[in-house]
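Heads up, the next two complexes both have chain A, just with different partners, chain B and then chain C.
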Partner chain A sequence: MTSSLEAIALLAVEYLLVLGLAPILLGIIRRVKARSQRREGPSLLQPYRDLAKLWRKESVYSDTSSWVTRAAPWVSFAALLAAIPLVPWFVLPTPFSGAGDLIVLVGLLALSRFVIALAALDAGSTFGGMGSSREMWMGSLSEPIFLLVIFAFGAPAGSTQAGTIAAHGVAAGWGYVSAPLLLAVVAYVGLLLVETGRLPVDNPSTHLELTMVHEAMVLEYSGRDLALIEWGQGVKLAVLTGLLIALAVPWGISSSLGIAVIALALALLVAKLAGASALIGGLESRIAKWRLFRVADLTTFAAVLALGAIAFHYLIAAGA
Partner chain B sequence: MLRATFGLAMAGCLLAGLQGVEVLLGAVVPAQAVSIPGAVAATPLLSLGLQEDPLSAFFVLVLAVSGAAISLASIGYVDRYVHSREAALAALFNLFLLSLLLVCVAGTVFLFLVAWEGMTLVSYFLVVHEDHSAEARSAGLTYLVISHGAAAAVLVALLGLSVATGTGQLSAIASGAGGLSPWVRDGVFVAALVGFGTKAGMVPLHVWLPEAHPAAPSNVSALMSGVMIKMGIYGLLRVVWVLLGGGPSWWGYTILLFGAASALVGVLYAIAQHDLKRLLAYHSVENIGIILMGIGASIVLFDLGYPALAALAMAAALLHTWNHALFKSLLFLGAGAAAGATGTRDLEKLGGLVRRMPGIALTFLLGAMAISALPPFNGFVSEWLLFHSLFSAFSTGSPATELVFAGMAAVLALTSGLAAYCFVKAFGIAFLARPRSEAAATAQAPPGTLTAGTGVLAGLCLLLGIAPALAINLASRPLTQMVGTSLGPGTSLSLISSLPAPSTTSAGFAPGIIALLLGLAIAGIWVASRFGVAPKVRVERSWDCGIDAPTARMEYTAGGYSQAVTRIFQEFFRPKEDVERTVAAGTRWDLLTRVRRFSEESVDPLLPSLYRPIRDGFLWSAREVSRLQSGRIHAYLAYMFATLVVLLLVLRFVGSPSP
Partner chain C sequence: MTPAPEGEDEASEALPAAPRPPPPPPLTSAEEEVVLRAFADGTVAWDDTEGLWSLEVPAEAWLGACLLVQDRLLHPLASLFGEDRSSSSGSIRLHALFLGGRTSSGVHVRADLLAIGPVTRSLWERIPWVVPFERETAEMFGIEFLELPDRRPLLLHELHPRPPMTRGPASAPTGERAPYPFRPVEGGSVYEIPVGPVHAGIIEPGHFRFQVLGERILNLELRLGYTHKGTERLFEGRAPGPATLLAESVSGDMSVAGAVAFSHAIERALDIPISPGAEASRGLLLELERVAFLLGDVAGIALDTGYAAGAAQANVLRERAYEALGNLTGSRLARAVVSPGGLRRPLRTEALPGIGATVARTSEALTVLHERLLDNSAVEDRLLGTGVISRAMAEALNLVGPVARASGVDRDLRRDRPYGAYRDHPVRTTLGEKGDVAARLQVKVEEVREGCRLAGVFLEGLGAEPTVAPREPVPRLREAAHGLGWVESPRGEFLVWVALDAQGTLSRVHVRDPSFLNWPAIERAVQGNIVPDFPLCNKSLNLSYSGYDR
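The block that comes next holds the complex of A and B.
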């Protein structure tokens, strides 16, 4: 058991780590995509420079917008910040693990999406409405998959708490790897692409009217608000990737508080996050953007996989 | 005058609520069937009496809190937006509250049925209050007819129980119902599910609800959607849990499946609606579905021998009942303010109201977030409990239950995701951006008491979202009354205490800590934004691709917004599209087709496919029966004589009643 002082210190490290690493994950993805297109690509640190630039720039608001536009980036970013302690990053048991389980995480991501989707309607431009409608539509399709994936990962461990599931995985060692787990991981990757708006669902680097989803929503934002939103995208990517790592390859998370063990766990975590981002970048380079309504096919596919994972688990459990 | 009437209603609600809290906290011993002096009839079936046991008290509290806030809002609402027979409306409103209260505290079958019928009749007159509109009259008729079909089923269930146990006292039935044969119990269950399910708005018996709720004045809609449909839930819990003491698994699965269907059908139809109040009415169907899922899960888990898990599912149902009463009352009052000030409920004609009525906009937004199950609001807490009780099926070791429950959890998640989609549309189109009509552009600010009423409800939504232990404590005695156990330790009245989890799972959720984290994060962003030179802020026109003057016609419409969902579920909606096309001269290319007019309408397919055969059957049998009506008096005398003979023969051969 960790003392509350230690818990607060660990929490601070988690926040520094996630907030600090979030932009570079985006940088890695862009770099991998650029290299696969035989381009040099921007520096890995470019997202940091972009954020710093936006932080200094003036904010322009639409004259039809209200306090909703002003408040939304703050609430959205705050919801993502509140989600960070719910993911086991490098130490178990997770500090403040009683705060919430994965269902709470789903709720916080929904809150973050909800307020931005509202703000997108606030300026009264067609782009905003289009992006908002599409984003909420995808969100409503991804939520059931998220729940099924939580059930699939959670059933063997008997918990919806990410920390407990990861601890179960660490304890089980190789025995943790099973057919249901693999199915659940594939379903989760589909979910990750939808939730973070990567290809083939949404292209984060497009500004073509008919294809943008997330970019259309935040078209009216500028300055510090835009910096918060872009940083938030990075944090969301980090949270969802970190969760994938904790659920699928939890080995390496430290179970004690020794300096050396923690340092090793941190190094492993950074390597895993970088590797996962590179994989996402590689995946993105190989898929073209799908037309919008094919997203429903992807989510249906992921839902079937997740249900299959749950069914397999129970059949194996019943047969054993 | 209005002030006095609604003030009295509010005071009455607050008193009833206090009494309810006393019973729930165990401060007073619940009175068992206090008989009304002088009204006790000779036969036990006709006796009148009141009782307030914990289950009654919980629903009295639900009624009292929403009722008080709605009464407060009604002062300004009726004064400003109702232009005919205000006194009649106010009197009926109070009578409606009284009948709702009587349903909750009726201690005998007879009084329950009288109160039930009174509730239906009074609300019928409230639905047709604006009887100059044909829509309201037709909605009222639909409501009256379907409600009476349901009342017949309720009558069968309760009188059946009463006859089988030989008593009219609800408390006596409960002790006598254990020895009934399974056939009688199943029959009573089916009748109760049909009767109470109709009142609650369960699919496919919901068709009256989206007609009747929007037609009534908005304060009445708030009371109907917030409280009256909960009486269906109360009746179902009373019969299934208190009188019959739970039942076999298939009861639970039946309720669970009907609940899931209601949740999904409700939210999908809500998305297709452009009428703000109809949209809210369909969301009531959705939320009743969520409550029913909790009840169904609790019956299944109890039957499998897991009372602690059953208590968790039932706690989700009870909490969601209260939560829905709070945010749905709030949303209907907000919709009433918007519709009253602009004269229209059509989303395509609203817009920009956030500037005309900022208080209503803020409270409506909070209510929308609560109903969309977003933390840190109360809707999320009850859905979290429900997700958890569904997840906990993994420990029952029954693969069928586990798979069904996992599927139900996916349905619940899809429902809450679609609800969020729908409420971004509802709030965004009605309250944000530019006004879409002259009426919306010139809307007057609503009266202060209306905003105050919604403010109270919004505050409660947030309070119960941050400190749900308050509500769980109050639900603890009803839980014990029904499933024999409550949620156990962890339900202390602390603001940041975790929600209790059954011992089989180690998950936790401390809503207070999540709210604290959110607050700290916002404070942190604020502190960060103080650093450095604050950048300039400029206000400009929205980006419109260079067109010089963006207008409201360029905004996204409610129809356009919901198109993404109506399209992938088009098999389900079967929308009627009406496109009038003009092809540009000298070409056959579809690309050059100019769509002149496009209208889309989605009708509830259950209305024609389920109810039309019933209606046609009735009309047919009425026609056939009318052949008997010859108009000659000796024919009627012959009928009477024949009936008498048949009844005597029935008595002779079927068995004589024991004295």
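The block that comes next holds the complex of A and C.
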């Protein structure tokens, strides 16, 4: 077990890592998409420059908005920050592993979504209401199914603690790979696209205000508030991708505190995150945006796979 | 579930369903003359400068004459406009052009109204698509159309001290806004989305007012006029040569079509002969413009489904077509190239071999691109059944161009009233069936392919003859003249009517951009669709704001 001082140090490294890497993950996705369109694309560091620029600008508020608009970006960002320690990033057992399990993580993501949707309604602008309505509809589909997917991942380890599941995976080695795991991974990827607002669910690069989901909700935001929201999008992407990595390919997460082992685990993590972002970018280049109501097909598909994974696991367990 | 509010039923009933008995065979020219001469109130003559029958009627016979042409001769109303003749004959003249059916004939109806308090009956009960024409004529010339249900201004957003197209010193608008009530839609849960006039993308300004129930669009109403520049007035008093530049900027992305239509009108009015070489050059420019323009539409449709990689491929092809125009003329949009009498400057012959190669490559790459778009199930799912314009609707709104053809309406001026190089090289038209976004994409892809073929044909037709217009294209006139030019532009039928005075300067020019007829289609196409599919409907129609507003 780690001492509390070590735990704080490890936690600090985690925060630095996730907050620092979040923008470049968006940069990687954009670069991959640009290449698929025969464009050079902006520098990988462009999201950092954008955030720095927005951070220095003042926030402008609508006359018709209340404190909800001002508070929402901070609450949403704080909820995402609170989710970071729930994911095993590079060391096991995770520091502050008692802070909560994945059900808490789903709740924190829901909170972040809820306050932004509330803020979008606050100013009373048309697009905000439209975006909120779409976002909450999608949330109502994806959140319960997300829980199901977590149960599918957690069944072999008998836990909903991400750290316990990852430790189970690391210990089991290649034996961790099973048909239920593959089903759960596919289901998770579908939900990841819904939760992070990527194609085919939402198109983050569109200028068509009538088709927007997440972007429509934050149209009213500017300056530092917008920077927080955009950064939060990156953090959310990092958290969900990091969780997938920890649950699906946990190998490489260090179980001890040696400097060399930790460094290797960190390098592996960065490589895995970059690879996952590139995969998302590649996927986005190949698909078009679906008709809005087909999102329900995607979540249904995820639900069926997750149920299949759970059933499969217990059948195998019963047979063995 | 909230019951659908009444507004929706009203909206769908407001348009009379087009009766569709099997169309009788078109009348021959002799039969048309008999019908027109039997109409006792008017003077009838064949007008060669317009390629139309001329029917001049007294003011009280206006309605009867127009309905006779529509019902007996079956020519659809193509345009309706005014002309202030208070200086010469003391009247406001009302013009109606009927053409664009499957026959090469047509009728031009004229009636003189009193210059003070001009008034006439509205045609809207029998010709539903006349409403925007009458609204514009009413606000520009002060003509009152009795029984016209929609008296709101069309293009002018501010009040004017007097109708701006009437004679007299130029007068600035008062600065006071004209009231403009939108159609109300009521009912529980009905939600209104105002969009524009400033949009998030780099497009022209226009206001869209949606009333939606959840995501379903119950009603859409447009308000345009934000780019009204008084172009028709700017023509007046100018010499035809320089005025060509105005004609090509009516819809700036169809500059060749505008310039050729205007030049044809001048050439017919003044009887200026055109060399076959110049006609082939114009044909080449027209088809290259069509190819570039429609590839832009293909790219836009792909992009609006979120399929950016497919859009990028279409944009590469589009860019090559614009490069070809640039190499050929020195201007990527082929500006200031066409002029009455031929061309203002010769095509660069050294660029010609490259054009042939570009056209051939585009045609090949297009097949691959179209397959790739349709292979993508998400793209296909977005396009099929979206933004349907039925054939009956297309006929009831008198739609033109690729939009009409995608709904199965077989009309194309290049074939129906052949002009220039198209007289010797007939075009093959492609018709769609369902009238949805997928059908429009299909028709546009086929028209790019046909455009590539025709461009290749015209390229071969370019001889060594001089194609440059003579320095002084306007012969001295002894009396006033008029003429009509028509071109099948990338968006559809583009008409220009010109009147010249005895000095050879323009006294009245009317430009009927195809988008003037096609804009109302979007209000119908989106009904029952979901809001996020609107941009796709919009892009597949690709309407010109500037061409509508002028």
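Please note the rule applied: the second predicted complex is superposed on the first by the 320 of 320 C-alpha atoms of A that agree within 3 Å, B and C clash if a C-alpha of one lies under 4 Å from a C-alpha of the other, contacts with A are read in each partner's own complex, and residues count from 1 in each chain.
FYI, a contact is a pair of C-beta atoms (placed from the backbone, for glycine too) under 8 Å apart; a residue touches a chain by one contact, two chains touch by 3 or more.
This one's a predicted model, so the numbers in the text were calculated from it and none came from an experiment.
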Which superposed partner A:129 touches (first chain B, second chain C, both, neither): both
Which superposed partner A:151 touches (first chain B, second chain C, both, neither): first
Touching partner for A:32 - first (chain B), second (chain C), both, neither: neither
Which superposed partner A:108 touches (first chain B, second chain C, both, neither): first
Contacts of A:141 with chain B and chain C, given as first, second, both or neither: first
Chain B versus chain C as contact partner of A:60, first or second or both or neither: first
Partner chain(s) touched by A:293 [first = chain B, second = chain C, both, neither]: both
Partner chain(s) touched by A:285 [first = chain B, second = chain C, both, neither]: second
Chain B versus chain C, judged by how many residues of chain A each one touches: B
Touched partner set for A:96, first chain B, second chain C, both or neither: first
Contact residues of chain A, present in both the chain B and the chain C interface: 126-127, 129-130, 133-134, 292-293
Residue numbers on chain A that touch chain C, as the complex places them: 33, 36-39, 126-127, 129-130, 133-134, 199-200, 203, 205-211, 285-294
Touch list for chain B against partner chain A, complex: 351-352, 354-355, 365, 369, 372-375, 380, 384, 387-388, 391, 394-395, 397, 399, 402-403, 406-407, 409-414, 416-418, 420-421, 424-425, 427-429, 432-434, 498, 504-510, 513-514, 517-518, 521-522, 524-526, 529, 532-533, 535-544, 550, 552, 554-556, 560-565, 567-568
Residues of chain A that touch chain B when the two form their complex: 55-68, 74-75, 77-79, 81-82, 85, 96-101, 103-104, 106-108, 110-111, 113-114, 117-118, 120-130, 132-134, 136-137, 139-148, 150-151, 154-155, 158-161, 164, 219-220, 223-224, 228, 292-293, 296, 303, 307, 310-311, 314-315, 317-318
Of all residues in chain C, those that touch chain A in their complex: 191-195, 199-201, 214-215, 302, 304-312, 316, 376, 378-379, 381-382, 530-535
